[in-house]
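Below are structures written as structure tokens.
Consider the two complexes below, in which chain A is the common component and chain B and chain C are the respective partners.
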Partner chain A sequence: MLALQVLINGILLGGLYGLMALGMSLIWGVMNIVNIAHGALIMLGAYVTFWLFTLWGWDPFVSLPATIALLFVYGYCLQRFLLNLIVRAQLFLTLLITFGVEVVMVNLVRIFWSSDLRQVTPTYAGANFAVGAITIPYVRLWVFVTTAILSVLFLLVLEKTRLGRAIRATSEELRAARLTGIPVAHIYAVTFGLGAALAGAAGGLWGMLFPITPIMGGALTLKSFVVAVLGGLGTMMGAIVGGLVLGLAESFTATYLGPTYPNAISFGLLVLILILRPTGIVGRRA
Partner chain B sequence: MGRRAMGQWSLVAVIALGLMARPALGADEIVLGSAISQTGKYAREGKFYVDAYTLTVDAINKAGGVKVGGKPYKLALKLYDDQSDPNLSVRLFTRLVTSDKVNFLLGPYSSGITIPASAVSEKYEVPMVQGGGASGKIFDRGYKYIFGTLPKAEFYFQAAIEAAAKFTPRVQTAALLYSNEAFDRSVADGARQWLKEQKIDKVYDEEYQPSTQDFTSVLAVLKSKSPDLVLVAGHEENALNFIRQAQAADMAPKMMVFTVGPPTADFRKTLGKAAEYVFGITPWLPDMDVGGEIFKSARDFAKQFQERFGYEADYHVASGAADVLVYKAAIEKAQSLDAKKVREALAAVDVETLYGRVKFEPTGQIAMGQVLVQVQEGKLVPVYAFGKMLAKPAYPAPKWSMRK
Partner chain C sequence: MRLPSRRVPTVAGALVVAALALAPWGLSPFLVQFLINLFMLAALAESWNIIGGFTGYASFGNVAFFGIGAYTTAVLLTAAAWPFALALPAGGLLAMAFAGLIGMPILRLKGHYFAIATLGVAETMREIVYNLKITGGGTGLTMPITRSPLPFFYLMLAILVAATLVNWWLSASRFGYGLIAIREDEDAAMAMGINTALYKTAAFALSGAFAGLVGGVFAYWITFIDPEGVFRVIVTIQMIIMAVFGGMGTVVGPLLGALVLASVSELLSTQLVSLAELFNGLIVILVVLFMPKGLAEVISKREFSLKKLARNLREYGV
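After this line comes the complex of A and B, so read on.
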């Protein structure tokens, strides 16, 4: 029975990990930018949800579209007016500049909103239901369902729409994309906007489960990175599979080995995957 | 007054102004230096100490400063931000001693940072009085220049476990969960001993990483073992996550105790109803019957603090304020600014403060107990201290679904 509970816990949390990594994987795959500020975008999304909830009483699930829209605009501008300047530079430079963006964002948030722990607590925050001996918290279930809906929507946009095709074309063959008249600077900005929007959504959902602080992002960047690589870089399904694998690995490790080990096991898993299958679990073989 | 005399006077005035404006060493100043977290993971607790030091230093200066040889000295602070990084802390403390040449040191926050930082004070033989590190590992190295005003980590759960054995129905089984930081490990070492002493069975004993957010797996295991008492040692964020997720996972032991959190007003507000029945421990409460020079009572101090900084003082703040007051007492007793003489005076200090009686054991740590507190209807109620039941506990805690 314990094992089943742990399995469900792992899947519910793993879905959110997947959503977190989706944005990072997209930006990485299309523009070859390892976005160190990804966690900071998640943090910003969490704060937007928190303020909408605290100031105007917006339910965190209802306010999610607003969070997504705001983060999209923010991400679009960030890429259009800053990152586009260096997008063709070496990887090292893009690493540095996104790191800089992260530092600036975190410290601005700290100055304006302080380092206090914040929490989004709708009335149903602690509610749960039981199936036999298994307890399932409503919020976690809804977070998982929302995550699934957002991921499917995003994959549809990427696969089925003109915009999605333009993004994929830019990613696969930059020169050909330019020749066919795709406005690359705009597509890059849209891509980053989408990545930021996904991060913002993940942040809004994360904030319903865990406390919000200015420095929460660092660990989440790392987690997104692990998930993205685990699943397979640049493949969108990879991020989701990677998230579930990480969620399950953490849950089972914490239960059967003890709560000190989840990180060791996650990173161990990462190393193992990189050795045995460098393209990730669902990544295409080069 | 001749032109020349005027010139001399204005020169003196300029120099005096210059000295006042300078935060570093002035002729009639005693500079207390510290590197304390203002950014990074301890930014929140670090601020408690920065504010406590600032308020106390200002209050002492307003009351006439520190008198040595009949001459009043003003206190001044020289603070750096250690960014919650122990390595940076060591560099900054070295700088405070060697290049800023501050007179004495105040402590950083957290045991993990205090352990290396205190090595600097020992090396340069400059006293450090700190109120942010309680691990026995700070004090068991035979250092002579480190003094601490937080009670021993090993004793943190003593009052809770003693009380648990006296509650009806008596607590039979306990689970112990602690972060793998120096301080919380020491807390757990103590807890094992007290549990054994009270003949309470330990059914779970695990450490976790302080960065842990998700406790659902731990909670699932705890639920399957259903201990009467759950003891959690960690940081405020851990406690917050643990309680909220316990509610969501429907894990409700008869009694839950946390090393940090419940005494902080903000913590209770953030958790709202979920904080009910939760136990905490604190060496200090604003309505305790203590007081001394500068701050006549704990209540008086808490009021001044609230007015100036806009939030409620907790034991971190009181402990930080006590550190500054202890320096005043020790320097006035030594009648000297010599580091060695002040160190001797600190070792022998015995003074009543807003924080309670400060008297150090030979190791340098304060001899002081803890009060077991519980959140009852949003208020913090002292339940048990020093072998005495102070109020009726809300015990056993009902299942989450049975609560209002």
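After this line comes the complex of A and C, so read on.
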């Protein structure tokens, strides 16, 4: 029975990891930027939700569209006016500049909003229901359902719309995309905006389950990266599968080995998958 | 190609080192502390330069080696009551061995994968140290206080000189050329008969050894260490900034970078730690945008113009 409970916990958490990794994988796949600031975007999303809840009493689920919209605009501007300037430079430089963005964001938040631990606690935060011997907190379930809805919506945008086609075309061949009249700089910015919006949504949901701090992003960047690589880089389904794998791995090891080494587990999984199956679980060989 | 003369840098370097060695007698205690910090940052930058600058493997986790050195030295000093003269080299050796061992699998990764894997090594190290009993866990370790800062001054200076000399040797030796060949084109280097795996691992271990030694001196100098204070991502960031700011893969670049960064951080950190870190982040962004090849390049080529800048941005932008 315990195993079943652990399994469900893992899946519920894994959905959130999947949502985080979707944004990371999208930005990586389309622009070849490994966004070190991804965790900082999640952190910003968490704070936006927190402030909307604390100052104006907005329910964190209801305020999610606002968080998503804000993070989209922020991400769009970041790419359009900063990252676009060097997006075709060597990998090291793009990696480094997002590193710089991360440090700036984290410390601005620290200066203005302090390093205190904060949490979003709506009235229903502690409520849960039981199915047989298994307890499921309502919040975790709704967070999972929300991540599922957002992931499906995002995949539909990417696969079925004109915008999604433009993004995929740009990702495949920059020059050809430009020749067919796609405004590449704009599409890049929209892509980053979408990635930031997904990160922001994940952050808003994260704040209901765990405490938020300015430095929470570092470990989440690592996790998003691991999940994106686990599932198979650039494949959106891969991010979701990878998220579930990491969620399950953490849930099982926390129960049976103790909760003291969460990062070591992510990292161990990463090294293992890179050695055993470099293309990821879902990915195809290039 | 005529190799640049080595006499001028030798004489200039010896003069600077001699002047620095006499410095504690003429300077206030505050400036001596500042210099120790400067030596530490510069030595870390030179150590990062071996793997990141010469070999082209951008490590984002060198703070792990710094931390291993710091903790090994501290544990041997306190729990095992070793003399510092033995505990410090032990810290350097362990950091070197660890870098070599962990380097064997992760140096097979390239680009982003390597960068994040090293980030993971550092995070994991922090977690392990946090959970071990012998390291004092989250409470940290306290070492006996030494009155005079002079031993730390000379040790940091000696490590810095050694690290700089190693970088200098790399800039004109068979081993160093091998590393540069790996940076420029690893497949071609392998085709030319360079044992790339061995070269890369040796470079990583060498980088780890210096970071470990610096960590060991740092631990005893600061007298108290804990996981959050030692395994700080910002330390790795600083190593990278200094090397990139000054010029990666050059000998003097990391020194220039350290001088600028240490001075600015010193001025700012009197205000607020977050402000100093914020400034570090801004420097990273500006350096990447405006002088991706570093200060050393800008100075030696004497070509820093808005026109060149615009060309860079056109080349890299969309």
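As a working rule, the second predicted complex is superposed on the first by the 281 of 286 C-alpha atoms of A that agree within 3 Å, B and C clash if a C-alpha of one lies under 4 Å from a C-alpha of the other, contacts with A are read in each partner's own complex, and residues count from 1 in each chain.
Rule of thumb we're sticking to: a residue touches a chain if its C-beta (ideal position, glycine included) is under 8 Å from a C-beta of that chain, and two chains touch if they have at least 3 such contacts.
Please read all numbers here as calculations on a predicted model, not as lab measurements.
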item: Overlay on chain A: chain C relative to chain B, clash or fit; value: clash
item: First (chain B), second (chain C), both or neither touched by A:Arg110; value: both
item: Partner chain in contact with A:Phe192 - chain B first, chain C second, else both or neither; value: neither
item: Which of chain B and chain C A:Glu250 touches, first, second, both or neither; value: first
item: Contacts of A:Pro259 with chain B and chain C, given as first, second, both or neither; value: first
item: Chain B versus chain C as contact partner of A:Val6, first or second or both or neither; value: first
item: Which superposed partner A:Thr135 touches (first chain B, second chain C, both, neither); value: first
item: Partner chain(s) touched by A:Pro211 [first = chain B, second = chain C, both, neither]; value: first
item: First, second, both or neither for A:Val271, with chain B first and chain C second; value: second
item: Touched partner set for A:Gly126, first chain B, second chain C, both or neither; value: first
item: Offending stretch of chain B which, after superposing on A, collides with chain C (from 58-66, 112-120 or 238-246); value: 112-120
item: On chain A, the residue positions that both chain B and chain C contact, one per complex; value: 107, 110, 219, 260, 262-263
item: For the chain A and chain C complex, residues of the former touching the latter; value: 28, 34, 82, 84-89, 91-93, 95-97, 99-104, 106-108, 110-111, 174, 184-185, 188, 218-219, 222, 225-226, 229, 260-264, 266-267, 270-271, 274-275
item: Touching residues (chain side chain C, partner chain A) in the complex; value: 58, 60, 105-106, 109, 111-113, 115-117, 119-121, 123-124, 126-128, 130-131, 233-234, 237, 240, 244, 272, 274-275, 277-278, 280-285, 288-289, 292, 313, 315-318
item: Chain A residues touching chain B - in the complex, by the definition given at the top; value: 1-2, 5-6, 9-10, 13, 107, 110, 115-119, 121, 125-128, 130, 135, 137, 139-140, 209-211, 213, 215, 219, 250-252, 254-255, 258-260, 262-263
item: Contacting residues of chain B [partner chain A, same complex]; value: 39-41, 43-44, 47, 177, 180, 206-209, 211-218, 220-221, 223-224, 236-237, 240-241, 244, 247-250, 266-267, 270-272, 274, 400
